[in-house]
Amino acid sequence: MESLLYSILGVLVSLILAFTVGMTYMGLSRKITARIQNRIGPPFYQNFIDAMKLYSKSTGIHHGVMHHLGPAFIMVTSVMSLMIIPILNDSAFFTNMNFHGDLIFLLYIMTFGPLGMALGAGQTGNPNSAIGVTRGLSQMVGFEIPWVMAIIALMIRYDTSSIVDIMNIQADAGRWIMFSSPFTFIAALLAMLGMFRYSPFDIVGAPTELASGPMSENGGKYLFTMMSSSSIFAFAKLTLYVNLFMGGADNLLVLIIKTFALYMVPLLYGTVSPRYRTEQAVRYFWGWPSFFGLLAILYAVFF
Amino acid sequence: MVGSPVLFVAIPLLTAFLIPLFAYIWKELVRIIPGIVILYLLVLSVSLYGQVLREGTIVEQIAGWAPPWGINLVFSPFTGLLSTLMLFMAFIIWMYSYRFKNIDFEPSKKYFILLLMLVTGSIGIVLTGDIFNQFVFIEIMSISGYGLTAFYVGRDSAEASFKYLIMGSISSMFLLLAIILIYSQLGTLNMADIASKAHLMKPEFKILALIFFILGLGIEAEIFPLNGWAPDVYSQAPGPIGAAFSGIVVKAGIYALIRVIYTLFDVEGSLQFLVIIGMITLIIAEMAAIRQDKIKRMLAYSSIGQMGLVLVAFGIGTHEGVFAALFLMVSHALIKPLLFLSGSYLVFNSTEKSIKELNGLGKFMPLTSFLFALGAIAIVGLPPLSGFWAKWSVLTAAANSGMLLVIGLVLAISIVEIVYYFRVVNRIYFFKKEESVVPKIPTINAKFAMVILAVIIVAIGFYPDLITSYLHEASETLLDKGNYIQNILSVAQQVTQ
Amino acid sequence: MNSIVIIFLIFLAGAVLTYIGQRLSNILGSSLFLLTIFAATAQFYLRVNTGDIFSFSLNGLEMEWGITPISWLFSLIVLGLGSMAAVYSISAMKAKERLGYFYFNFIMGIFSMMGILLSRDLVSFFIFWEIMTWSSYMIVIYEGRSVQKVGIKYFLFSAIGAYAMLMAIVIIYSQVHSVLIEDLVYSFSSFTLAYKIWLPILLLTGFGVKAGMMPLHVWAPGAYSHSPMAYSSLFSGALSKMGVYGMVLVFSMLITQIPEHLLIREVIAWLGALTAAIGTLWAIAQDDAKKLLAYSSVAQLGYIITGVAVGTELAMLAAIFLAVLHALFKGTLFMVVGAIEKQTGTTNLTEVTGLIRKMPWTFIAALMSIIALAGIPPLGGFVGKWMLYEALIASDHYILVVLIFFASTAGFLYCYKFLFGFFLGQEEKEWAHVKEAPATMVVPMLIFSVLLFVLGTFPGLLLKPIDIGMQELGYAASEGHYWTMSVLFNEYGNAIMLQPILYAIIAIFLFFLVFLTAKAFKGTRYVSTKDISSSGEVPGEFENLSFKENFFQPFLRAVEPVMKRQIDWYYTLVGNGMEALFNFVRRVYTGNGQTYAIYAIVFLVILLLLKSNLFG
């Protein structure tokens, strides 16, 4: 009973942690982008303010049940992913619900959110939403390929499909997988560019063109849910990458440093890149990233 | 003994000549008498067949002359099966054509005379044990065939008849040549006698005679380069005659050819030749069939193809092969007439007889269309109809002899067959009817005739054991050449003693 | 009388009586139709036990009907889906012509499938197989649309498959002198190597056609979409599974006996994966829901084929599990399309739109089956896909995993297109009158949805019978020993890990639903889909706000090189070539008497010239 309580507490704490860290990163990203573009930019806590504002708004209208459920779907995905990704190495507190075989589970659960949200966006009847959804799903098919290749390469190489095992292996070897399986890391990193949907892969919700795409009919609490879910999801993904490739983290400070460093990659790459059209983006992911993925698999099979 | 095999030849011939006399008594007799005669012969054939199965082959000498000098008729399990089948088909065709096209008195007289002669000739070919006698019967059959082809007055039928005539005379010429060759070498015309002495013949002469036979009988059996006349004849002759050709005449031709190859000579390579030529016939005919736009021509080509398959099966040469060939013959003799009979009602009122005119008739002639569809499904060999078991026997026979190529080709060709038959059936059921076509509901006797055939096809399909034991018996008989010779020549000894 | 024979008699007599009954009155026909199917189902499940055997001899062949655990398993698909589809078709086919014909062939279809499953010899297997082919063919052409093209194509490919199978059967018979399957399995090891390789290939060609394996799948889109949807659900759900059933038998009983079995396995597994990938791409490109589902069926069967071909215990388990699930969800989806077709008169995704509020129950059924199809937890599809991935990784098929994963991710695209096209998007006036489908159509769909959920949560219910069936096929009892890479199931899914996770998903979902937004939902009011944010303007009634055409255009542009040409195109090329050849051959028969006489002479000359070659 105690352990159950602990893990529920752990889940809650990691949720709050993920929310806070994710929101901060989002805010920092706005600041950094602004500075690169030679603007002053909003303060890094601007996102918290936005979230508070959105949450305190009362929503007057909805477009039907699916529309209403959309944010809930995407929230489920974020929380689920967070729950099965261990936050720290060997932490009794943050074991969460990770289990053997969770990598494949993750692959699937991570695609569930976009689809659920797409359903919600679909019912609004806003053509921009639908267009955004088709772009988002197409792009997802694109980056999933190198991502899956990387994951499979990991599974072959280390003969496990558990995140905890992979973390332990790194701890035992004293080497990060990022260095011992470089191709895997490159493929995964390139796939990550798509996952975060920063430029050049931001055509999905292109604000000026599609009026934020799938999100365009959502306001108030709906938008708050989406926003916080995407923060949590961002944190979960970053933690996953850290766990898989950078040896995990022994304490929260290290975790934050590592995740932030990783987070800079899509962000900085985005600030210097123009936007890809959807088919260009899809083809991009099936090009070099998949090639590295293939190399990673071959490397894992033969070495 | 319930009756003599002689009756099979004598009675219909006699009746044929007497029909004009009957006509003086009562015109309707012209139609009725042939049916009664055929029915009587059918019953006789069935009972004789039963007796033959129990007691062995019956050899009947004509005019007391013992073989090898006299003419004899052989009613064995093999020939008996064929003659029963032919008489049954003749009966069905008679029933069907009883009021077909309301044939007027004068043509109907001719029609039934010729039909009876056709049947006589065919049965004579099967029963006779004498090679020259067989030639005579072939002539009887062919001549009545010419007449029946040209039955409808018109340019096309006359042309078809004339083509048949040309080919028929080529056939007779080569047959005569072959017979002369044999007679000059062996001095006998009795088949059993020839068979027992064939080894005395000089090989060159033997092969030459065989080639002449193949040419002469091949025309009747519709093997590949010699079958050009057939599509014209099938399509120009009245519908029931098409059925008679595919159900009776071709079977007689095949029988004659098989008798020559299996019994008369024992030439090495002749079986392989059968397989090759049968295969070519099958392939070319089915390929031609798919591109036809007249329904009867399509059926004719299909019929030719099936005969090719029968030859292939005979060419396998094992007991199973012969069994398969007989099964195929029986099955084809049931199905193809059904297609001809129902098909000719489907195009009854049309002038072109083209497949297009079958469009959408399913609604207007439900029974006829259904029977045609059933026939189509049966002939392409879909279970659970008789065609499947026939095809199955052929394939297993081929497989047991290791002829894998044959299996592959036969199956590939079957796919072609499926395409053209199903195209037609689809048209019947799913296309819009052509405005100009006036559907014609079959007469009750025609319906009855077709339904009988359909019922038998389905029955054999569900329970092939109905006929397989007879077929096994028959194929046993055909293969047992020594027994055949002995049966006939022993009669001769009895007489001489 | 033997209980198996009674089932067959019920079917046969029922088919004929239904046909006659339908001629007399509609109600009589429909009730006889249902009665037949339910009577046979009841007879099967109540009276027939595994191990029942009926032997007889036909045409000198020893034949045997009996039931094995594996066929019992597939009979669940056939009879379960069959009876539900039958209930569904009563309303769905109302007021159509030639119902007797439809019912007759429907019953014959189920009859033949049961026959296939109950056959324990190759000949009755083949006979039932052919009955299945022509009865389904009759329904494909039932509506009379493009019968010459779609119908003939279907039959042509079926015939190619069936004849490949027949050739194998004939050869087997000549080798074994028995058509019993057990004799074949027993003596297969003594065949020569050539036979050992070619016989399975021939058989697999036959089964591959029915299962819609590339490159033999080209009949499927047309045939599935041209049948009435009531039958399509059976067609795609159950009929295609007969191909899978055959493949399962071949792979588990014959191919394991070949030392060089790996190559065949690899080839078929790759074909399956390619089928999945290419079928998915083509499904995305379709604008007609029937076609979309048809291609999706092809794709889904691709996964199953891959699983069967890889053939490890886990892969086989996954494949059979997926086969059952596919029957459930694809059966439901075809029913959904049928319901929409009935209510709106069209199945074009670019026309129908915004039905979610008009047909909510249909939507729920569609949503559930789409979630299962996409393989998203917590519905059953996920369990199957997971097992398949694990199996493929565990058996070192890494590239295959990627391909399969690609197919299943890309599958989301058409899933979304389906849901969005019919149910979401702008609610247009044109469809304002649409009502929910009749209860007899909705209830079967909902039953399947519930089943999908149950199987997702308690996969053990189904995995256990599959495991028993596989033990019959010679697999080791799979009691938990090969789950080393996953603790998804310990004892047939009554596992310690899976259910908590699923419950957690549901709990989180409910949490966010109830505590965060339920109040909001109550406090908000529904506004129509015209009332959307569009730069401050309220769009008028006449403004077209539907995004329908070229739905996945950017994606399709990205995969354009792969989709430039359908396999159909090559077949058409071959077909045209053949027709031209036939036309050429036909000219041999000139219709001229002189030519024929010349032929005779030429033939004579040839024979005389070749006489020493031909005759010894």
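In order of appearance the chains are A, B and C, and numbering begins at 1 in each one.
Quick note on the criterion: contacts are C-beta pairs under 8 Å (C-beta built on N, C-alpha and C of every residue); 3 or more make two chains touch, one makes a residue touch a chain.
The model shown is predicted, which means the values in this text are computed figures rather than measured ones.
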Query raised in the report: What is the touch distance from chain A to chain B, in steps?
Result: 2
Report summary line: centroid check, CA-based, most central chain -> C
Query - Comparison of B-C and A-C (more C-beta pairs in contact) - result: A-C
**Report entry** Between chain A and chain B, centroid-to-centroid distance (C-alpha), Å
**Finding:** 79
Report summary line: Expressed in whole Å, how far the mean CA point of chain A lies from that of chain C is 36
Query raised in the report: Between chain B and chain C, what is the gap in Å from one C-alpha centre to the other?
Result: 45
Requested in this report: Going through chain A residue by residue, note those that touch at least 2 other chains and give them in order.
Outcome: none
Report summary line: Each of the following residues of chain B touches two or more other chains, namely none
Query raised in the report: Which positions in chain C touch two or more other chains at once?
Result: none
**Report entry** chain C-touching residues of chain A, taken from the complex the two chains share
**Finding:** 58-66, 68-69, 71-73, 75-76, 79-80, 83-84, 97, 99-101, 104-105, 107-109, 111-112, 114-115, 118-119, 122-127, 130-131, 133-135, 137-138, 140-142, 144-145, 148-149, 152, 155-156, 160-161, 211, 216-217, 220-222, 225, 277-279, 282-283, 286, 293, 297, 301
Query - chain C - residues contacting chain A, complex - result: 354, 356-357, 367, 374-377, 382, 385-386, 389-390, 393, 396, 398-399, 401-402, 405-406, 409-410, 412-413, 415-416, 419-420, 424-427, 485-488, 497, 500-501, 504-505, 508-509, 512-513, 516-517, 520-521, 523-535, 545-547, 551-555, 557-559
Report summary line: Interface with chain C, chain B side, in the complex: residues 159, 162-163, 166-167, 170, 174, 207-208, 210-211, 214-215, 218-219, 225-226, 228-229, 231-232, 267-270, 272-273, 284, 287-288, 290-292, 377, 382-384, 388-389, 392-393, 395-396, 398-400, 402, 404, 407-408, 411-412, 414-416, 418-419, 422-423, 426-427, 429-430, 463-465, 468
Requested in this report: Flag every residue of chain C that touches chain B in the complex, lowest number first.
Outcome: 58-60, 123, 126-127, 130-131, 133-134, 141, 144, 147-148, 151-152, 155-156, 159-160, 163-164, 166-167, 170-171, 173-174, 579, 581-583, 585-586, 588-591, 593, 595-597, 599-600, 602-604, 607-608, 611, 614-616
